[in-house]
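Read through the structures below before going on.
Okay, so chain A shows up in both of these, paired with chain B first and chain C after.
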Partner chain A sequence: MLFNGCALAYSPPPRMTDIRDRQADIIVVGGGLVGSAIAYGLTRHASRVMLLDEGDRAFRATRGNFGLVWVQSKGDGAPHYTHWTRNSQERWADFAAELKARTGVDTHHENNGGLTLCLSESEFLDRRSLMERHRRDAGNRGFEYKMLRLQELRELVPEAGDSVYGASFTPYDGTANPLFTLRAVHQGFDKLGGVYRPDHAVASIAHRDGIFRVETRHGTYEAPRVVIAAGNMTPGLARQVGMEIPLNPQRGEILVTERVAPFMRLPTQNMRQTVEGSIIMGDSKEDVGFDTSTDTSVISDIAARAVTAFPILRDVPVVRAWAALRVLSPDGLPIYAASEECPGAFATICHSGVTLAAAHANELGGWLMGADRPEAIAKLGPERFHVS
Partner chain B sequence: MSANWDLAVIGAGPAGMSAAMAATRLGLKVGLLDEQPRPGGQIYRNPAQPTPEVLEALGEDYAHGMELIEKFRAADIDYRPGATVWDVMAGGEIAFLRDGRSAEVQARHVLLATGAIERPVPVPGWTLPGVMTVGAAQILLKTGGYVPDQPAVLVGGGPLLYLVAWQYLKAGAQIGAILETVPRSNLWSALPHASGMLSQGRLLAKGRRWLRDLRSARVRRIRGVTDVRIEGEGAAEAVTFQKGGRRQTIQTPLVLLHEGVIPNTHISLALGLEHGWNDIQQWWQPRLDDWGRADKPGFSVAGDGAGIWGAEAAEHLGLLAAHGAAMALGKDGLDQAGVAEARGALKSVAGARAFLDRLYRPARSQRVPAADDTIVCRCEEVTAGQVRQAARMGALGLTQAKAYTRCGMGPCQGRLCAPTVSALIAETRGLDDAEVPAYRPRPPFKPVTLGALAAPAFRAKAG
Partner chain C sequence: MFRRLETASPVETVTVTVGGKPVTLPRGETAAAALVAAGEATGRTTPITGAPRGPYCMMGVCFDCLVMIDGAPNRQACMTEIRDGMRIERQVGARRIGG
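Moving on, here comes the complex of A and B:
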């Protein structure tokens, strides 16, 4: 007898799902924000789109998402990435409205601009140089920004602390609730006739006679096209269909406070106030491999930075901290890959699932169904990592 | 503030106190962190100066608890009352909040003795003012000697329901009625285990006494009650229920609910220890070896947090877990006689438990709300209907249900709603309860202010 009379190990038997349709025009592997937004957009280009997702405890990066639709720090030295990000940002308002109309789910998208706080004069000067490089790289598209000293900053956010030196502001930045966005995209996908299958972690993908056979614990699914958007699981699956996707998973930690009266009119790069009133803060970078446990010293650093930025937060209780794995390529930019060895197979990894959701839903479908690769992502293929 | 212990015990209930004392006797350097200002846990929740009336109402078991507490206080244990543990790391570091500051200790072995929590009873109207749990009512009685000044209606099942009714009687409070929701068919599944109960003479005598006293005080007991609802505008005014094919109503401003207790697995789940589903008690419990040790080295669990066994068993389990930890740390010189005695006592408690668990297994309708508009997550005000919709959309567990609905995202982190949400998901998707994965709590286990987290002393230690 066991010490505490515990029932024997319970492993639920696989259940047969509805097998009415094991075939699709295209299968998207990965039900996080990236895969879901792509699948949602594909419903305009294909009639049978299937989205395979993992079970309840997958390494879900969407959960670790901070909820920023963010432009101002993206793409230093990589203007094509800044452009891609801005494409998505410009589409976000319509995307949010479309999701709301289709599903009734409010993504809480806001676009009031955003701040990056600088705690010293040297940080402030570095930031100004970065903003200036962005403006130069933007060319005709233009790039508006303002550098605010503490006094000007306080006109926007009066609660900024005395240790804050200043901030950069751009009007492009905003926020959206990542979980509501995920839910809206899932519901929208369902309404558009897509087939969502949870608990279908993909074990392997084989390619034969132009058909991809996707193995799950609930059996095999088939399609002539497959998109792998499985976050940190992407490289292993992509390799099976002839694509090398380099990846450095990074752990990000996030703290959430109790609800407080609204005071942050604008989000900062690592802190925002939700519509409900909670403050979300995060943005730590630790390189720890596949471990999603939290680390107390990192939590403490995030808290210290928050209290420095906004001393009024000192007595606000944190109700939750969590870690999720960020999906990062070696240069931090997304990867959009098409397999040469197995035509019809695609793979993507991307760190900014919320920011890029509108582009993913609107600009990739044609390419994935056979049209040319969009010019905007021409430089975002995995070829850039190949040493020639 | 920082310390290095051989064994850190979390929780000063009977299991934690007993384990800490036994481990000290085995030569370990022991520290104990407890959230309450005084030792005793929920069961022996200890008023600073209990009046004779309160002691009389609390009964002889409580007197036993007082003795245990005295011995505990005399033992050589680094006891830290008022310490709210908010994080436990895989390497045995424990972060806790005390006097508004966060601090950290390091232990070679960690024993969780965090006891039980009451099972949520999400019947329509359960969130109205004037509705509370029987356990909360008992805390008021124990700590402040508070009893209601109007007749309360007690609804549910399980020994605590009768105990509190009896304690109210002793304390001079009035009881409107006891509505018993336990399905009558439970008796048939319990009966084969009756011999185990009969061997527990003292326990049986206690129960008999409660029921006899309630009867002679003419307290109304209504058995086989179903479809309980609490009604009222802005506060509880009446409880209505189905009995014998018709609907009945009892006017009352105070309704006390209880459907038994479940292990408080918040920290053991957060640590990712392996858990198994207990289908009789209907909740998860950590999977442990004969010495209370979990699958991850360096962690043990004892007492009700490992499965509901009650206060008496908790002391024995605590002693065994102390031995388990001592062995894991390479100590010899075990107390063979003490271990044998504990194992013997546990065997007989197990017999009674098998009977009681089956007899008081709650009705499904008391665990899983039928009506879609019943709130299941109080922190975020998420209804049963919203959870059902999330489950239909593909939420296979609490993680995804949380993502869809925000349920379990408030200050309690799902501690209070997880049993209900899991059961709703299982029901909607046609799964067994055990097929819905347990929730995964995150630090901080209890809310901690940003200021405390950012404290420089703490950061230096943690870094």
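Moving on, here comes the complex of A and C:
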């Protein structure tokens, strides 16, 4: 929020600090959901974990997120990504319960299954082929899905419109409120003894004598290990410690309606009803660089598609719309990188920070503190983009 | 609870109903003003907990004054100018859609 050109967000002046406040076992750069979940998990592996966060003025994908904990359609042709996604999805209920117990914050996590609507027979057949490939790739783990024609779909969501041909359903999908999740992870990190520093955008990172010196406008912080999880700002910082992280921002716009009585029992890939009753709709994919403005033609397309899917939304007013930037690698999959040039430096980017939060909190800490890389992310390194 | 300030000259008036009860106010006032003039502190109840809510910010930002106006749900009373015969009714919980 701006007032007379000044940011109203409170920015405390740099304060005198004890040297211990400047040193950590490991520093995480980036306080969105990816960096925060990693930092939260690291508290089990290191006694002094520091999280440096630019704050909400950043291109905060967490803030613009749609809030799905989603499995179906993730990882076509990349079963290792599907497995990683499902690892996280299977951990989410426990993760949500742990956060609730630790902080009192309810993430609104639900796992009732989810739908992807198909508007024509050919979309339906393509979808069925995709679901079948997932089932085949899942091997012994199994992958349950159902292809529902309109009549069966209406047993789950009676309000589906006549233009809907059918849908795919899997029981793995669900939702969570990304804002409450971020709040819970921040509070949990604090309660676990982590050190959180807001308003600490990182300007540069230098590596000397096995120590990383991380520069912010409030001074320098030092640690023998550093994790860069700074969303779309990751490549520039990662390069300074010897890692090439290819990524492109991708704009997505989201619309929110006024609150209405519950009618959507299940989320779809681009529409869901929150616990409070608002309908959220979205899923545009726009290549516009670092532009977070909204576009009325995109907004009207999203609204038109929502009304096609659920005609009863026709007279429900939209009260807000926003745009945010996804953090997307060239193949759409996450990147987990360890620097060879500067041992102890790591970088992570992904566009599914909500879905993967439970895996990030539970499965990366050991690796980041020196243990072997988890097999589950062995194929998700940046090497896959290198031309040999 | 609320008392109208004296006006210097007689003004043109409009009559609306609040919960079926006729209320007469100066032209140009809002449905939220009609609500408080009728002595109704509560214009709606919230969708989740059913807590009572009434006009608060009077400038279109808090959405606490949502009411039914002429049968349309979730109208911001403070942003709606009154017309003769307007029906203003309490909204209970979230609006239902699609009958």
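Keep this in mind: the second predicted complex is superposed on the first by the 366 of 388 C-alpha atoms of A that agree within 3 Å, B and C clash if a C-alpha of one lies under 4 Å from a C-alpha of the other, contacts with A are read in each partner's own complex, and residues count from 1 in each chain.
We adopt the following convention: a residue touches a chain if its C-beta (ideal position, glycine included) is under 8 Å from a C-beta of that chain, and two chains touch if they have at least 3 such contacts.
The shown structure was predicted, so the numbers you read here are calculated from the model rather than taken from an experiment.
Colleague: Taking the superposition as given, does A:N248 touch the first partner, chain B, the second, chain C, both, or neither?
Modeller: The answer is neither, since A:N248 touches no partner chain.
Colleague: Decide which partner touches more residues of chain A, taking chain B and chain C as the two options.
Modeller: B
Colleague: Tell me which partner A:A321 touches in the superposition: chain B (first), chain C (second), both or neither.
Modeller: In the superposition, A:A321 touches chain B alone.
Colleague: Contact-wise, after the overlay, does A:S300 reach chain B, chain C, both or neither (first, second, both, neither)?
Modeller: Touch status of A:S300: first partner only.
Colleague: On the A-aligned overlay, A:N87 touches which partner chain: chain B = first, chain C = second, or both, or neither?
Modeller: Neither: A:N87 stays clear of chain B and chain C.
Colleague: Let me test your reading of the model: by the given contact rule, A:N111 touches which partner, first (chain B), second (chain C), both or neither?
Modeller: Touch partners of A:N111: none, neither chain B nor chain C.
Colleague: Is A:Q240 touching the first partner chain B, the second partner chain C, both, or neither of them?
Modeller: A:Q240: touches no partner chain.
Colleague: Where on chain A do the contacts from chain B and from chain C line up?
Modeller: The answer is residues 258, 313, 315-317 of chain A.
Colleague: Which residues of chain B touch chain A in the complex?
Modeller: Its residues touching chain A are 87, 89-90, 93, 95, 102, 104, 272, 276-279, 285-292, 301, 306-307, 309, 317, 320, 350, 393-400, 402-404, 406, 409-411, 413, 431-432, 434-437, 440, 442-444, 447-451, 453-456, 458-459, 462-463.
Colleague: Taking the complex as given, what residues does chain C use to touch chain A?
Modeller: It is residues 47-48, 74, 93-98 of chain C that touch chain A.
Colleague: With touch defined as at the start, can you tell me which chain A residues reach chain C in the complex?
Modeller: These residues of chain A touch chain C: 159, 258-263, 275-277, 312-313, 315-317.
Colleague: So in the complex, which bits of chain A are touching chain B?
Modeller: These residues of chain A touch chain B: 2-10, 12, 31, 53, 55-57, 60, 62-63, 179, 182-183, 186-187, 190, 196-199, 255-258, 293-297, 299-301, 303-304, 306-307, 313-322.
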